[in-house]
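Note that the chains take the letters A, B, C, D, E and F in the order they are written out, and that residue 1 is the start of every chain.
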């Protein structure tokens, strides 16, 4: 467990950027938080527990993440909505290769236009964060584990 | 983006005091977290997006904030309730004038006496924090942006 | 109010471990976060306000906490579920005896197998944390104050 | 749970059975007879949709409708239900568009609801398509009957409606024109509340002026409203509409009416008095006018805050209250700022209206304690005539007179 | 969704049709016939409201009521519905007051429900006011029929109730007086659960003592309860009330009954044994007495934890269970601490009762799988007589005997 | 709220009254007549429960059932309702067990539902126990009628069902066997959605192939599906089942059909093209086959993603959609990876199906705007015959033909 406040602050800033680019936008900049070869995946705890690989979203590169971001903004038919991320309980350990294994809990609230705010999902991040040449921290791997097996209708935005 | 852990801790302490004085009370001390000329405003994302200035609450000075706090405690007829703030995702930048622009996400839960706890609101803080002569950080401007356009009945306490 | 980032980070790590051992398990290791003579208690705000000592859970030693953890895992008949803790708003003060008085807000979400995620409880921690001989921080006293008087059916896991 | 349908026993309206607020059958009939019947439903202000193509989504009763300004600047109100297979064609609360296109199969409707486009109507490569006798003219969005006055928009499912002016009647029209005086309006903002009570309790709250002097400590303490202010309570000839008109008095004996008021605080002063720096803006002496217009509108003028409150029922136990705060185009900056400040009195966090939303919550819960009991509505007697004071519930009695007629109760 | 009303086919009660737990019509009739009928509903303990003016808010069936100690120390139970326009006049779960004042128009009620104040009753400056023939005496808060015994409070909508003692009958009265023995009570605390099952399943859970030896691994493992403990199952003459009485045995063959128990762990020991340091506090040999009193009370004595459990139905699919843990004024510190420790067995997180709330959740869901099926309630035969053991469901059969009578099923 | 029961006026099915999607009475009849009637309900894939004792929990209509592989490898479908007092004996979504033991009194059932254990059946120490004539044979878990084909499992409440092959009919059987070709299946994963619309709208969505070319910008943009692709729409003889079969064309004039499509983007290219690297895996030229099987199954083959979609109604206004993505045991690593990638098209976040779940939400809301209106289902005429193209709603008309028969509407 790291107890370097500066590093933890920097890591938390990455997660804040992650949430803000989804919650406040622009979603088009959200992919910039991932490394070129990043893996992004949303899984349900059920599939994880049953040993099934299916992801609700699966992106195997930043390009794939950009495709998803583009589709959300330009291709999908969606009822306008806004999501809001609350994230707490960061734990950080340093891997042999110098990358950081980071976990945290999340709760996501959804507000669909004309409706009230609801609890959309809770779950856990199991991520790998690396520092790239430009000195910036980015996600090498981000796995969002959703506690519920059932999604309330559509999963429009990343968790 | 600041990466001064001490400063961030100090700022977060201000938000903790803000939440605690609303959630645990005494609400009468809540105004002390604002500067004399502070602006406090609760707006819905809808009004913001439509370019309408209306606030659900609007206080243009600490005095106005004290009037609100007094009314909540002594003048309004309310069904007894308690709110609970969860706040995460702090981002801090320093403005030219040395003040700090701070954003964060919030979720507020409401528990009305005799009823169960519900998700009351989610949203975003868009604030300006300054350090005053006494060395304390205070809100110069606090804008709580509520994600939902519809409030679940009464908005008794500040968000 | 402490403004030692290193200490605050260490304290928050204790709370993260607390939440993770409940949310992700193994619950059998959860008692290791408490000192031998620890007091663990879940109370409702109602009982607190009415001056009644009743706890929804009451453990007067680490042994008692281990009994509770064992019962949850091996003795109780429960419908499988997962809880998820979000914790924010840490405030830390140092007591005369060198122990730390820590408060924070929590929200707990529940996901019962085959059902959707719901807001289970919100409330407040009123704790005493101490550093033991092995240099580790542990709970000497942990009081979880639940905002609602009514529990949504069963309180299986600690708050 | 009603084993046999409810019957309103007594002949008068000074007793109101509580099941009119709880019975699902009664509520279903209200949707048809009150909101779906011969009534002018308020749907918004022209200033919300100033330009051709501007639209807003709202509802009449529980039915979603689109209010849109047409190419020629006229206003159309359309049922938000695709003529093909029923989708809400409009999925936003507001916006601007050239046409409404249903996302499912892209049937496209003009701003007047006429069906202008049906993809593949003639098939593709000789395959499929709509039947030859399919006529787009028969498949537009249902258009409601619309009328406007001085910037306020009303719609009705009934085509044979009397003119709004006759619908309001002289007395109510005069008061309506007091605020809607023809000057261009300016939107200050909207707020929306989901209130857990029956929609009729919102009307009763306004039609019962005397509660204000007892419930609203804030109002009374700062002399914005007192039962001993010179005032009157008026209805139209049918009793469905009503108005409270009151004048703020300069120096009243603080002990007169307020002595009956539990929580009166004489000494109170605002730390930021700008909240109540009020200027006279209407020619008449009235300082407060609260008008209720059947079946879903409240027009509020209190201090310098002007607002419409639209009532949208949501089952017997809840309704949405949509507030639209407004001013006039020619408001100067001081007045614009003033209206924003005075808005603190109203809405879900209003120093005044907060008391009302809480009270309505308590009312619906209390009514459920025993729906076979009845309200005692006898302040100011048992009649339904106008009064030159506000120590009366006459407007509520008048309201239920018309209600019983419409509902056949 | 029931197209035609349900009918209970067989004549006995050893088969219970599942629609009694799901049908909204049945539930509506229960509110009237069971809770609103000739029954003494438990509403609390005197110790909760020791002084004049002390009150608590609770409910009978789904109807909110106020339980308040009057000026002379007497106890009043009042419908929580303002006589004016229906508000819940009491909006707090508990408190102390001199009078109940409705916030809306400040009608004020004395602690006995009598209407003592009506603002502006005579009008203001000659304007308005209530009709001359308006008599405050006719407009108080509805007062229920109340009785108490040794600190327990019961109320009824029926005025012509038999005395509580006769209502309980000798056998039940004796057991009731065992815990409510006249010694002043001391409140330890309350806990409240919203349980997602029909209210009758809570009674069945207690009236079925044998489940304890199978479901409650904790109980059995620590010998707090075993099916082979000397025990008996008793009812009053009507079958509506019942009691399980059991005695903890010193050394029983662990293989006797427990062998049938899937998850028995002989070796288990508590790391903190104080949880179960039990002292004998009643003169008789019984160590566990669980009594159910029609229509909404369970009296629990298990180890040194004493509690009332009040049942508040909330629709066919849910009920609130309000636990009030108590002791005696003369408990010494050791006993006070002990009661707090033993409370770990009960409530929403109880080492024992947690199993029950989970099981009731599963029961209601399972029942919905096919409401046209029926429960098989034949353990210990098909009769409804007392048994000198607990390997029986006789108390459930007796309960439904009385239930069918009351419900006309 | 329906005062008198609804009646389907016109004789055809080219107009569908909206109350079939909203009326609770209609819904209740559907549970009995459609899901509880003479239908083969899909309940899962054998590959989900490969070994004896493996089980999953699912539902037919709203009724929870257990699908479990028995000792001999056979498959049993059991009502999830304890024969004693009704608990859900299975409280997990999946698992493996030797027997099902109800937690309440530990009645134990074999994997075929037979009741194998009843604790204390003979009493304890001569006390209590079940009546002598109690026969465990009469108290098992209700066993449903089960059939399987090539790894797919179906169950029915009706015992006198025709064989699945006849139930499907030749045309549908051939297409069913195309994907379920007898090769061992491999589960890729499951996803579950709670969709806020009536269950029938899910079938309409699939039975209406032409929406895809208009709604799904993603599909069309990348040429995965176009209305001008060679395709056909087929039904079985009853009209209850249907299939869309389409072939992806190499070079089509982009302006042909797409010109009618509002949001077509010709130039678009994926940054990570692996998402759509598709390989041909079936012998026939078809690239998309979407089959709907009465009353609750959709079989999807799109690109290299194969899935069953099970429909579980949850009241008139909602249903759960359970997706099971699968492949074949003999898939090589490349294909396994490919199926995971293509799964991005489907499920709650699917590049394609996301549009559909949003549209269904809008449909249910729009339908509620006026349930007395009706859908116009006339694309491709008013008949119910097969079409050698997909510019048609014929499969919807055919569906409602059978639906009216079954429902007696």
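Convention: contacts are C-beta pairs under 8 Å (C-beta built on N, C-alpha and C of every residue); 3 or more make two chains touch, one makes a residue touch a chain.
Predicted, not measured: the structure shown is a model, and the values here were computed from it.
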| item | value |
| --- | --- |
| Shared chain contacts [chain A and chain E, defined touch] | B, C, D, F |
| Contact distance in steps, from chain C to chain F | 1 |
| Comparison of B-E and B-C by number of C-beta pairs in contact, larger one | B-C |
| Centroid comparison with chain B (C-alpha atoms), farthest chain | F |
| CA centroid of chain B to CA centroid of chain D, Å | 31 |
| Inter-chain centre distance, chain B versus chain F - centres from mean C-alpha coordinates, in Å | 48 |
| Centre distance in Å when chain A and chain D are each reduced to the mean of their C-alpha atoms | 43 |
| Junction residues of chain B - those touching two or more other chains | 5, 8, 77, 79, 86, 88, 107, 113-114, 116, 119, 149-150, 152 |
| Sites on chain F at which at least two other chains make contact | 91, 93, 103, 194, 215, 355, 358-359, 362 |
| Contacting chain pairs - touch in the sense defined above | A-B, A-C, A-D, A-F, B-C, B-D, B-E, C-E, C-F, D-E, D-F, E-F |
| Chain E partner contacts - residues on chain D that touch it in the complex | 1, 3, 18, 204, 210-211, 214-215, 227-228, 256-257, 260-262, 355, 358-359, 362-363, 365-370, 373, 375-382, 387-392 |
| Complex interface listing, chain F residues touching chain A | 93-94, 187-196, 215, 217-218, 221, 263, 265, 270-272, 274-275, 320, 325, 336, 340-341, 343-344, 347-349, 351, 354-355, 357-359, 361-362 |
| Touching residues (chain side chain A, partner chain B) in the complex | 5-6, 8-10, 12-13, 15-17, 19-20, 23-24, 82, 84-88, 107, 109, 111, 113-119 |
| Chain D - residues contacting chain F, complex | 24-25, 27-28, 62-64, 79-89, 91, 101, 103-106, 119-120, 123-125, 127-131, 134, 139, 142 |
| Residues of chain B touching chain E in the complex | 77, 79-80, 113-114, 116 |
